[in-house]
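Read through the structure below, which is laid out as structure tokens, and then see the notes.
As written, the chains take the letters A, B and C, and residue 1 is the first residue of each chain.
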Amino acid sequence: MPRLMDMGLEKLNALLLEMAVLSENAVTAAIDAYNTGKKSTQVNEMAEQLGSLHRQVSELTMELMARYQPVASDLRFIKSCFEISYGFFRYGRYAHDIVEVLNLIGDVSKCDHSAVQDTARKTLEMISMSVDAFTRRDVELARKIPSMDDAVDEKYRSHLRSVLQGKVDLKCALSAALILRYLERIADHASYIAESIVYISTGVEPNP
Amino acid sequence: MTQSLASMSTPRNRRLLDRLMNVLVGLAVVLALVPLVLIVADVVVQGASVVNLSFLTGLPKPPNVPGGGIGPAVEGSAIMVGVATLISVPVGVGAGIFFSEWPESRLSFISSFTNDVLAEFPSIVIGIFVYVVVVLTTHTFSALAGALALAIIMIPIVARTTEESLKIVPTTLREASMALGISRWKTVIRIVISTGKNGLATGILLAVARATGETAPLLLTALGSSFFLTGLSQPTAALPLLIFTYATSPYKIWQQEAWGAALVLVVFMLALNLFVKLVIGRKFSEIRAEI
Amino acid sequence: MEMEIGTHKEVDVAQPSVETSEQADAVPATQTKLEVRKLKASFGSNMILKGVDLNIPDRRITAIMGPSGCGKTTFIRCLNRLHELTPGAKVEGEVMLDGTDIYSPRVDPVAIRRKIGMVFQKPNPFPTMTVYDNVAAGLKLAGERNRKVLDETVERSLRLAFLWDEVKNELKKSGSALSGGQQQRLCIARALAVSPEVLLMDEPASALDPTATAKIEEAMARLKKDYTIVIVTHNMQQAARVADYTAFFYLGELVEFGPTADLFEKPKKELTERYITGKFG
């Protein structure tokens, strides 16, 4: 028997799915821009759109709580949706930041793209897994994500170490460092999203 | 799409039918009231001229001698009804309480049924019963026998009205009382009866009214008398008996005095009923509204 | 869907639950006031309670929740031995009040009802009595004659029920002349006047408007300092608002029992989850 609140929950879910796909595309586009050097305003638009969607999610969660006083799995779902949407919003934000770095620094075609591409591949995989896990409420898939965060962290730190050793050209070093930092933050958010997904089903609080 | 006012008004034949029904019902009410009104009017017209203080308190005179009174009849009725009330109230109220508060008991079920049957019994049969049991064994007609017959008539009425008044008291009040740690007995006496007391009073007064008007049983028990009471084991006068005797006699003056006695009886009944309806009835409905 | 029915104690109330101490008064209970063991109740051939085991914590508010017909009203009526007064009703099992079985043949039910009081769904002040007499009824009918004791008890009880200020100048008014919400608080005062240890409340606010309900809930929050309260409610939000512990009943059985915050955020049983999220019932 459908409940009054179910319509609201479906709308919430739809908003989050939209944000999921959009944020994954934004980060992919940003990495593409780094690889190919082609500039576009696409990523900025997507980031803004994500911001607006996050605000809508925020309002909807408040409305659902005030009107329906949800409990148990509904309550956990609504709380998590708010946190997860923030995560997707941040994906978009960092994608925008990556493009900003490229705009600032300019031509990086002569730099060694391997570190970034490697990390980007892992990060994109984490993003894709987080989107899938949310879409299908797949707790097992979600549980795999936080451990992948370590690899990304390690890549970021080792790049910093080689920069400090002075082995890399400044322009390349700086652009790579900044982009790796953003990728590392994206990976963190993917972990948070994964934990929220686990919380919806099990009620086990995510670690702060 | 709005409808015009005309199309929403009651169709003509329905209005006519409505009015016709109103008229018919009104006619029925009038028809029902006519006998009562005619009787009262008749009694008043015929009897008013006879009634005065000496009539009410004086001794009867021999036939065709004017100036007789109905004093002994008034006294006799009052005493017999009084004694009957003293007997029937404790028994009837007690039985009513039992029927209402312990309905699950087998005894209660059987007695309640028996009670209802007794209430509808022909009063002459009750008179015969008391005649056999009391009058024959004591070898005399008596006021006591008369009172006993009246009591037997009154008990079922009191029991039934008591039972019904107490049954109206909502169960939740009994539960509230018991939930306070008040025993069942105290709950019944202090809470249930207190709430239903108006109904009880009504029942008792209506039983009194009924008993005052009973004639048949008194024919065989009290017999009648022309003198004031000297003791309960003597034959006694009573208003209905006097009316019967005088009205069926060939003497004009006695017939006149019968009308006077009838007037006294009717006034008494009307006054009692009005008292019940207006005084007790209003208090009763106040409590009913809050329940 | 697997349902573990309460054949064992659903919660060990001596074990503190750390996650739920957000509310100041969700401090874990240290004692059990009423221990219910294998309680079965029937009416004629209808088995209403099928064997309930539950520990009611001392001086806390415990809510009993569940869909219509789940036995929650019958349950609390078994706690003050009111159920057995209905012809055809039967009770089996034990209810231990501070270690004594209230159904023991040596125990006087009347005395038990003085220790375990009850407030009913529809306010039921005695219609022929004044406000004062209503509150004093329990004492007076038990034989108390001392005017001073009665006066003090009436005032104390009316204060506890948050009604004193509204009626202190109208104690001679008929009990039925008060508004619905006031009448219910009057009934609470009346129940408190006999100094019970436990107060049972059967959907006390269901016939009242939100303001009156709020007053009753306020009174309950203060009362639990000194009284153990068990409230039957079909209103989940009310249970969530006032209760420290909540029990969920279904078809005559206890499904789940625990601190309210836990039960409403992370119910352990699928059935509980489905009921409180409105997926059935």
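The criterion applied here is as follows: contacts are C-beta pairs under 8 Å (C-beta built on N, C-alpha and C of every residue); 3 or more make two chains touch, one makes a residue touch a chain.
Computed from a prediction, not measured in an experiment: that's the story for all the values here.
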For this session: Could you tell me which chain lies farthest from chain A when each chain's centre is the average position of its Cα atoms?
Result: B
Exercise. For which chain is the distance between its Cα centroid and the global protein Cα centroid smallest?
Worked result: C
Problem set entry | Distance between chain centroids, defined by C-alpha means - chain A, chain B (Å) | 92
Exercise. If you average the CA atoms of chain A and of chain C, how far apart do the two points sit, in angstrom?
Worked result: 50
For this session: Starting from the mean Cα coordinates of chain B and chain C, work out the distance between those two points in Å.
Result: 48
For this session: Give me the residues of chain A that touch two or more other chains.
Result: none
Exercise. Can you list the residues on chain C that touch chain B in the complex?
Worked result: 80, 82, 85, 87, 110-115, 117-118, 120, 122, 124, 126-128, 137-138, 141-142, 174, 176, 187, 190-191, 194
For this session: Spell out the part of chain A that touches chain C in their complex, as residue ranges.
Result: 1, 3, 5, 69-76, 203
For this session: Over in the complex, which chain C residues touch chain A? Could you list them?
Result: 236-237, 240, 264-267, 272-273, 276-280
Exercise. What does chain B use to touch chain C in their complex?
Worked result: 103-104, 170, 172-173, 175-183, 186, 190-191, 194-195, 197, 287, 290-291
